[in-house]
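Encoded as structure tokens, the structure appears first; notes follow it.
Here the chain labels run A, B, C and D in written order, and each chain numbers its own residues starting at 1.
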Amino acid sequence: MEVLIDIVLLSLLVATAVALVMVRGLIASIMLTSVYGLLSASFFVTMGAVDVAFTEAAVGAGVSPLLLLFTVAVIGRKERAPEGGAVLVKSLLLVVVTGALLIVGTLDMPPFGSPDAPAQTHVAPYYLQQSGAEIGIPNVVTSVLASYRAYDTLGEVLVIFTAGVAVILILASSSHRGSARLRNATVPDGSPHTILQVVGKILIPFILLFAFYVQFHGEYGPGGGFQAGVIFASGVILYGLLFGLPTVCRVLPPPVMEVLAALGVLIFGLTGVMSLLNGAPFLDYSVLADDPVTAQHIGIMVIELGVGITVASVITAIYYAFANQLEPGPN
Amino acid sequence: MLSQLPVLPVLLPLIGAPACALLRRPTLAWVFACLVAVLAFLCTVSLFTTTWQEGVQTYALGGWPSPWGIEYRIDLLNALVLLVVSGIGAAILLASRASVWQEIGETRRGLFYVACLLCLAGLLGIAATGDAFNLFVFLEISSLSTYALVAMGPDRRALLAAYNYLIMGTIGATFILIGIGFLYMLTGTLSMADLGERLPAMGESRTAFAAYAFIVVGVCLKLALFPLHLWLPGAYTRAPSIVTVFLAATSTKVALYVLIRFTYSVFHLEFSQLAQALDTVFIALGVIAVFAGSLVAIFEADLKRGLAYSSVAQIGFMVIGLGIGTVEGLQASLIHLFNHALMKGALFLALAAFILRVGSSNFSSLRGIGRRMPLATAAFVLAGISLIGIPGTAGFISKWYLVLAAAAQQQWILLGLILAGSLLTAVYIWRFVETAYAEPEGDSVIQRNEAPLGMLLVIVLLALLNLYFGFDSRLPVETAGGAAQALLGGDAS
Amino acid sequence: MSTILAWTSDACLLVGSFLLLTGALGFLRFNDFYARIHACGVTETLATALIILGLLLQSDSATPQFKLALILLFVLFSSPTASHALAKAAWNAGLRPRDNSGKRGIPLPPRER
Amino acid sequence: MDVFSYFNYWVVVVLMMLGFFIVIARGNLVKKLIGLNIFQTSVFILYISIGNVSGGAAPILEEGVALYSNPLPHVLILTAIVVGIATTAVGLALVVRIHAAYDSVEESEILAQDEPC
């Protein structure tokens, strides 16, 4: 049965990708990207990767199409006919060669799903067998993410922080070309989105509440700081879309978001420095409490909080930077 | 605290960057960034001497030993690259103020330094880590900040250059990710040392070959090896002057390090017959890069762009050393990595000073610059001489070892080509000398207007280092020799 | 008792899936934007509700039941709102419904370019 | 069965190449980023396929479950997804600025406005 679902999902993915190659016009492309994200998230669920599926659904089907839509709102949705001739031939050649190399690469691979493959027998079993005793939380992905490979996660938080810095640097104080166009397109008569606003008011508190649930439930089920941050930010963005950028900027001013983004990274980093000052290796949580398992719990809680704060504030800040291109806010 | 040494050079800018973002005043941000970079450099020096004396330093992050956790594993090669990157990084940040204040708008200066620190942290993280996936993460930190830094250039073409770099860089990074995925599938581990042990046991495998191919292509995109160099001239030319110095002196060096690390520590040289053929490919591409880069540089009307193409050529020299595939070749490659950072650091920084005073890097506007900015021009020429490889300068040492390595393999044609390539370098450096000193002045009377003191000091220091390492070359030569020996002797740890 | 529950659940799932299918068919077959939204929006709300109900009846522990109920509530709010937002955006952008003959029923305002 | 055991990987290769094709063949700057997105997402699918164990449960420890799928690729891909969205955001910010500077997001039209960059 699972094989059947796999095949259906993979076929749908291929169909979506082919449609993306064929389709012209940016709005349609963005919608297909979103569909692609949602389909791959479903595929991840059938593969047992629930945490990844959660993130992909929030990012691939949510945030990244949203950013694309903002961009298209500024630059327009038209796409010129693709290049033909030499460019097409060259690209096809490159793709075929790369693809052939990949196919050759797959020929010596261990079979799909085999439990005896090296990937399943070398390092991974340690996590599955030992994390229960060493970390003491049921979600192994969170254990690996926040303790065994916490340094990667610090890197990940820095990547998102870097993205925030980069977007603000690039978009700061540039012109606001698309402003008039978008406002005309959505609300020509200036009437407010009454129905949307009412429903939004009902839903947004629950979205934010759900974000907190995901934040603190990450040790027991799928979830964690990153997903929580994305959900929280999407609640804020929804509010901004319905009530306008100036309103949401009054609640959460952009400079505050920038400070919070840095603070989140610092919470994570300084947790590691704390171990350093106590003579343990960087990010060794054992110095945080007497009992090693409790120490791991505290460490994971704190760094997940740092991740959540940074992700939520960076995504909000990126939203501000893009939305500012459409309608100049207070900054 | 000594046991914490391996992580400190990376950690300082890593934590320093968000802290720097909290500082609201640009001057404060600059002072803070300099402080962090200098501290990181001091830690690296100390780490370097420790590694020199005591051998490989390992550090288990989070207290989890490799392969379960992420491990820093500093051998001579890592230490050398860390030393170059953090040293040049600190020097450039110290010299940057005047140029940044001129080229970057007031509201962006603070965050500009945050991005610089992030880039530095990313590059140092790549050079220090012993985990393949961690390398990818830090690669992305440095790349993302670099895209933003390049886009800060004064001209609208900077945006396009940054976008092209983003597309090429991300394709490269994704290729590396595919390669790492294949490696993980084959061996079940991500630690480079563990990979190096388990991969040969897998025997001849097409998956391993595909993994290597993807990693090499991905890294070469970052390295800007011909013909994957297309993003480099645009990015170098359009970026703010200081960013160009930083990129030219550090980021390609780190990419070369990654290539060497994967080729020798992870895959080992002899893992496949096909990899032997790859050596020939490296040499061929290196030679083409030397000639194509140099020839374009000779006819370029813009000095900054000319130097960018010269970088493509110099990367060619380093890859030739790698392709020769002997201890001597690798040693030459590493020495050139070290020396080239000094040369290009001095050249581009002096150029940044010219741009600061003249406002353009066009040859036509640089006429008589030798009388206007005598010290900076002298430093530029000195570094240029080193780039050519005239005896008495650092550049001579690298060319000498490269020639020796080629001679030891009886590759006389290659030897001739290396020498001819160096002559081409002389042509474009001479062109600058001619413009700076001999050509008649423009219509206005030239007044002496030297670069600001902080900048000048660093320029002169870098130029003098080119001279110093030309006479006393023990540091790069012995380190590179030791590192090459360790890599090829089968004793990579 | 359990057999009745199982039968009801199966029926709910089947009817829900069938409705989704009709919705998709309508989306493909209708030639007017508003008719298409109508086809999707109406069937989707009911179909999702039926499928969740079917799953609710199959589950036997409290936590998933509670979560499913919350999802149901959320869908009941969000799905009609999404249809409304789509239709409103189309209307504001100047798109007008067609009448039976396939002509635009209400004359278009001059298009903004 | 032998063919089927690689079927999954081959489909993933096709997906990757479709994304890669969009990046290099299309001239619209936004479309290129969309292609990059598809390319990266397909690599994620490759990683998750590597971590799949037939019949394995999601790696959340539970009494009475013996077989789990491999948690390590999941962790790696969580990080990679973040990297992907970060790249997309920076790329789109650049596109917005390029549009402001050139009034176009088509590569050919932009290149026609400047001498080669």
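The definition used in the following text is that a residue touches a chain if its C-beta (ideal position, glycine included) is under 8 Å from a C-beta of that chain, and two chains touch if they have at least 3 such contacts.
Nothing here was measured: the structure is a model prediction, and the numbers come from that model.
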| item | value |
| --- | --- |
| More contacts between chains, A-B or B-D | A-B |
| Centre-of-Cα separation between subunit B and subunit A, whole angstrom | 31 |
| Whole-Å separation of chain centres (CA-atom averages), subunit A against subunit C | 27 |
| Contacts with two or more other chains, residues of subunit D listed in rising order | 16, 20, 50, 72-73, 76, 79, 83, 86-87, 90, 94-95, 97 |
| Shared interface positions of subunit B, touching two or more other chains | 133, 137, 140, 144, 147-148, 151, 178, 184-185, 190 |
| In contact (per the touch rule at the top): chain pairs | A-B, A-C, A-D, B-D |
| Contact set on subunit A toward subunit B in their complex | 101-102, 104-110, 117-124, 126-127, 147-152, 154-156, 158-159, 161-163, 165-166, 168-170, 172-173, 258-259, 261-263, 265-266, 269-270, 272-273, 275-276, 280-286 |
| Complex interface listing, subunit B residues touching subunit A | 4, 7, 11, 14-15, 17-19, 21-22, 59-64, 67-70, 105, 107-108, 111-112, 114-115, 118, 121, 125, 131, 133-134, 137-138, 140-141, 144-145, 147-148, 151-152, 178, 182, 184-190, 198, 205-211, 213-214 |
| Residues on subunit A engaged by subunit D in the complex (per definition of touch) | 6, 10, 13-14, 17-18, 20-21, 26, 29-30, 33, 36-37, 40, 43-44, 47-52, 55-56, 59-60, 63-64, 67-68, 70-72, 74-75, 79-80, 82-83, 87-88, 90-92, 94-96, 98-99, 102-103, 106-107, 109, 111-115, 119-120, 123-124, 127-128, 131-132, 138-141, 143-145, 149, 152-153, 155-156, 159-160, 162-163, 166-167, 170-171, 174-175, 177, 220-222, 226, 318, 321-322, 325 |
| Touch list for subunit A against partner subunit C, complex | 184-188, 193, 195-196, 199, 202-203, 206 |
| Complex interface listing, subunit B residues touching subunit D | 133, 136-137, 140, 144, 147-148, 151, 156-157, 159-164, 166-167, 170-171, 173-174, 177-178, 181, 184-185, 190, 234, 237-238 |
